[in-house]
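Chain IDs A, B and C follow the sequence of writing; residue 1 opens each chain.
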Amino acid sequence: MNSYTEYLTLNVPHRMEFVNITPQVNVALLNSHIREGLCLVNAMHITASVFINDDESGLHADYKHWLEKLAPFDASAETYAHHRTGEDNADAHMKRQIMGREVVVAVTRGKLDLGPWEQIFYGEFDGKRPKRVLIKIIGE
Amino acid sequence: MNSYTEYLTLNVPHRMEFVNITPQVNVALLNSHIREGLCLVNAMHITASVFINDDESGLHADYKHWLEKLAPFDASAETYAHHRTGEDNADAHMKRQIMGREVVVAVTRGKLDLGPWEQIFYGEFDGKRPKRVLIKIIGE
Amino acid sequence: MNSYTEYLTLNVPHRMEFVNITPQVNVALLNSHIREGLCLVNAMHITASVFINDDESGLHADYKHWLEKLAPFDASAETYAHHRTGEDNADAHMKRQIMGREVVVAVTRGKLDLGPWEQIFYGEFDGKRPKRVLIKIIGE
């Protein structure tokens, strides 16, 4: 069994944004020389996500609107107890749970075994700072 | 390390439906001859899910009602920007994020290491067309 | 390839509670002698979660309040069809879908490759009874 580890750093200039990181994961897979196995991609920060969905800007706008409705930003400590610590990002911790922390993608014949529209995204919910994404590939 | 790959095709006659695919995953595991490892099962389409929960029809009805409330179907392009592309399934992309894309199940002594009520489901949110599910098993 | 399997049993005295199980997962990893690989941690029960987030009591209070709003407890069979079976925990099945069933964590140089604030939690949504969590580690 072989394994390969890589860390990406993303610095998103907005509070909430989605970044297609499929190209970076493809490069990591090439570097790994693994042809059959599993590829884990996860956010290393707890107000960010890695998820798989469509690369369509209208859908991304819909996701933002929807997540804001389900878990609204509100800096007050009356609304969110987490803010008594000085933070203002409780909403980001919730948005991240809906969108998920990680994806596991099959590696088949040296390629990410993705469906026709599947693209891997980094989801930022409390941006304007550098955050890391972990890529771990194991297999043969 | 050994690996095994299989693709299921599901064609669900309703827009939203849940299908128990545990039997198919068990057959794939038998075919793989893997006794210790990990089994990834994921939807290859971005308006569908693979998730683990109870095989109880009342609960499934509750899930449908609940998901419709959290992410209502609405074909208009005023409600969902994604529909400017001609699609009408933005709600399905949201429902899928709540229910998840994939499950990873432990393989122990040649069996899926599931709890007493755990069953693997395909969750369809924009059906009436064929879609694929990927089963990838690695181990020894 | 090596593999290691361990089962934790948790008996949470409240209906909804979050328990930091990172120490137990670290011990399992030490016992496995695996230095590079993947570590799956999943709830084996369908009204419980394993998720990764912050160990901050205010945030946990916010999560409980938020989950109760998105999927309210209501024992009646008029609200949830699942309750016609005699159960009263349909809300717990929903809360678990939002928080997720499992996490997959990279193992790098013999350690869980977690970000600075990442902690692994067991999320109970229908407690006051013993439930199991599975830890499966594969690698070398």
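Keep in mind that, in the parts below, a contact is a pair of C-beta atoms (placed from the backbone, for glycine too) under 8 Å apart; a residue touches a chain by one contact, two chains touch by 3 or more.
As the structure is a prediction and not an experimental result, all values here were calculated from the model.
With rounding to the nearest 5, the Cα superposition of subunit A on subunit C corresponds to a rotation angle of 120 degrees.
Here subunit B and subunit C face each other with different sets of residues for the most part; under half of the interface numbers are shared between them. Subunit B and subunit C, compared by their mean Cα positions, are separated by 20 Å.
Touching two or more other chains at once are residues 1, 38, 70, 98, 100, 104, 138 of subunit C. Chain contact summary for the complex, subunit A toward subunit C: residues 1, 3, 5, 38, 40, 42-46, 70-71, 80-85, 90, 93-94, 96-98, 100-102, 104, 132, 134, 136, 138. Only residues 1, 36-38, 51-54, 56-59, 61-63, 66, 70, 98-100, 103-106, 108, 113-118, 138-140 of subunit C touch subunit A when the two sit together in their complex.
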